[in-house]
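Chain IDs A, B, C and D follow the sequence of writing; residue 1 opens each chain.
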């Protein structure tokens, strides 16, 4: 389907359910997509960090993207992450995503290697030139260890290379500067890149980002409670900022589940991904809570902690 | 004067004007305090990072604090930064600040040395025990290279060690979690630390922080346009979030002056401090734009750039 | 061929020559391998960071590894890098490398995702269990942004998971502690992991590493002057430390070529890889100096600077 | 006394013994200096990081420096650390050190603030211009969070600003490049800065640094076993590299005491400083093992672990 310009609303990064052998559980993935679409989300981001894209083989990535596209069935646009170290490898993923029918691509700056803004600009331009799909830049320094400079994003927005930004940098001041420079608020962007979409990945401050003029949000914990993010988005769009803040606070409390895994024993990513999947399993959306190797699984106490967070948020576990 | 509990509102970190020899220009400092107090600010933070505290000798620190206290003259409370590497050195500054009449102390985690949360907790407790003044924790990882863990801040808030937090960490998600855990919004904190003040140092997202439940802001560029931050604060308190966002956007544009200094030639701090002082000089508030050694001064082109930002914000240079 | 236990000597990370379209130039790669083997090296490391592994598609990786194996023709062992973000992706590369005939595998800690020592240990154990080839851990924090803890390396050495370590961490103090704990010097390792090989990637301090008990070196600039690293290694083994230091100093001066690229214009990796390839092109070993996208190429001045370094080291350009 | 040019040999950073109230124990400090001088060291570095300089008030710093100078009594030169955030504050310390009779000054790059190489150069030049004592640059990124660029050090060496470098950066490759560029080895420096001294703070790889052409070492654990570092230095100077490596290995094993403190409970600095002081106390050199607030003390198990390391190294505890 054609991507709305700009893309707005709630676009969760879709978790990739796995079976106990570590293979993509397409049945569960279909149910998860249904859970999200019926929750009212405005788009889906397949193969993002929360999708464990960095843990999936090329074959598994294709399987997951195909399953998301099939389940979405044109009801909402599907963005496909094409996350890899450098240009040629990203292009391999981009061509696959295009062939499978993705509506847009999402790429990070190069990683593993040390890079430079001029090279990052060339990277995005080469992807845009090679594969004719709207391209989103994914700013995620915690993963790629470089930050997209605001001036670079503006340049690539204004020359049409980028259709949007998914900002997971956590640099809210820098994002505010970018939004002011891009011009306009509340979907009324008026500068030289009127269709450029700014989506925040900072899922704990969505009210703030929308107040500042962001177009949407890509919330990892939106997998667990998509309807709440839709309510939050709608409240912001209606100018009900107190209502939005209250909904955000409920989601902040729910997000506390990511501390479930003992930090002394597992990586921070593993703890967050494990708790999201445990929650989806407890809610009966997916068949298994497994995360990909080498992530350690949550133990029983951690799962109980996740359950407590669900119950406190009024999301009753069915297991 | 007694510190309000909790401390709320606009509390700018007061720049320390210097004369061409590098000594504290107390006349200019008095005028700056008048500029701030007549701008409507609710408190003053002397000897903060924006005050170039790290550049001032002990004698200069005392001179600056004394001048701020004298000019404030009890109209607003004065918080004194006691910034130094470790406990014993901080205590020296704290005793001086108390003797001079400061209303509260602001201390960072230890720096230069590598430290640990348990040691940081001991540091704040030792300061609170030795000098009987309300104590604010100053979370500024860009300077001290450690982040105050949320759990540590809560513990020190609940046991009465800390009267508040000045959060310059830029971690807005972490701040939101802390605010939710502390309980309540809009000055109605209801948890176990009802008088604990959360002030943000993120001057580009103040509307967002106040929407999230922060009590106030410590804006560096508030030196230049204090009245605008007061208007922004008042709009937030009145629930006029669209008006607040518009005022914030004007301040974001004004803040663009910090890019005036060529990054290839000077430190990022120097560029920001130099532009604030250049602006205050252009506005006729202070007598000289000098910053302390070894910071390089802004060149004429950079000063012209600062002037352009002032004019664009409706603050007409008088020089 | 069977890998010597422990692996010792000079094992350069083989550059991957590209043609102007960005495809692997197998003819040049064959000549480069001949240049290295006739230079006296003791092994070859294909698909390492210096091989631009992060820039090559899976198909290109296979082409490059196949060409190295064919050209080496059993004269020296070939280690294959299996560099990817996490376990399942690494296993795909490992199986390909085994099928092509590699003599050993070289894997890093997971990257892109945040990880934990327990998960890193599981990662290496899973690779070792799935593919029956000697496995080397590649400690390269500048690329993967975590450091392999010494205790972890020891544990995996002693339980037989790892056949060796390629240490590109730059932490020479940590390496020394590891070597002392592993026991022995000068190839006479006597502890619980007598066949464990420690190879340093710190190509500017090889004399020091061998004095400390390392078994060999993986020098990027060894592509340009392999015979010099062999002389350096031989001098160390003969106890001629002054001679070794003199040879090392000559190589340090040659290494100055990596500054040829203007740092303001390109990434640090690009500058180093570009200068190595420019040198190999100037020496007539490879047909084109191209590096992979999105790296910027060296300009003419930078190439002239590379030529000056070659001449100063007595390596006369033929172009 | 006049400083040798260049300064060479073993120059330990002198621990500052404290009494149980946290005050400088000048009696113990005198005994420690005697322990070092009779151990054969070639100089003393008072008020360095290992001296807990960041924990001492100005008055305590003066007391400690005075005590070291008195105990040294002209037998070896005394370098004084003048560690503080920026120029004016460092100058205060430098003038005190000069008045007390220090033979040279040791200063870091500015810290707490963000800085720039041009500003760092100005910082060292201002110190050198204001106080007429030989000036050493102290490169310690782990504390000040910037690395002195090699080109900057060369520039300041060649123009006479700096008398030497104390390199605690851990960047041995960068140090090697600097040594090659400065020219010469084994005390026969022949370039434009023939009297410039390069001292390494990397106490676990001293044999390597001296092989590379460094002039001396500033070893923290040299407080515990100064004679061993003198033997190591002498072996290097005599070209007995195998003997040097063996002595270094013994010291590496002894250094294992720094792991005595549980990392989960205290800062890394605290653990190292605590173990050095515990060792000096066990050996009967100093009266109390206390470290300065807010460092946590070593517990009994950790002290027992320190004792085990001493015994294993043939240094018998007397308590």
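The definition used in the following text is that contacts are C-beta pairs under 8 Å (C-beta built on N, C-alpha and C of every residue); 3 or more make two chains touch, one makes a residue touch a chain.
The UniProt protein names, listed by chain, are A, B, C, D = Dihydrodipicolinate synthase family protein.
What you see is a predicted model, and the numbers here were worked out from it, not measured in a lab.
Counted as hops between touching chains, the shortest connection from subunit B to subunit C is 2.
One inter-chain figure worth recording: subunit A and subunit B are separated by 35 Å, centre to centre, where each centre is the mean of the chain's CA atoms.
The set of subunit B residues touching two or more other chains is empty. If each chain is drawn as a node and touching chains are joined, the picture is one closed loop, every chain linked to exactly two others.
Here the chains touching each other pair up as A-B, A-C, B-D, C-D. The touching residues of subunit C, counted against subunit D in their complex, run 170-173, 176-177, 180, 185, 202-205, 207-209, 211-213, 239, 241-242, 245, 248-249, 252-253, 255-256. Within the complex formed with subunit B, the residues of subunit D that make contact are 22, 49, 54-58, 60, 83, 85-89, 91-92, 110-116, 118-120, 122-123, 126, 142-145, 265-270, 292-296.
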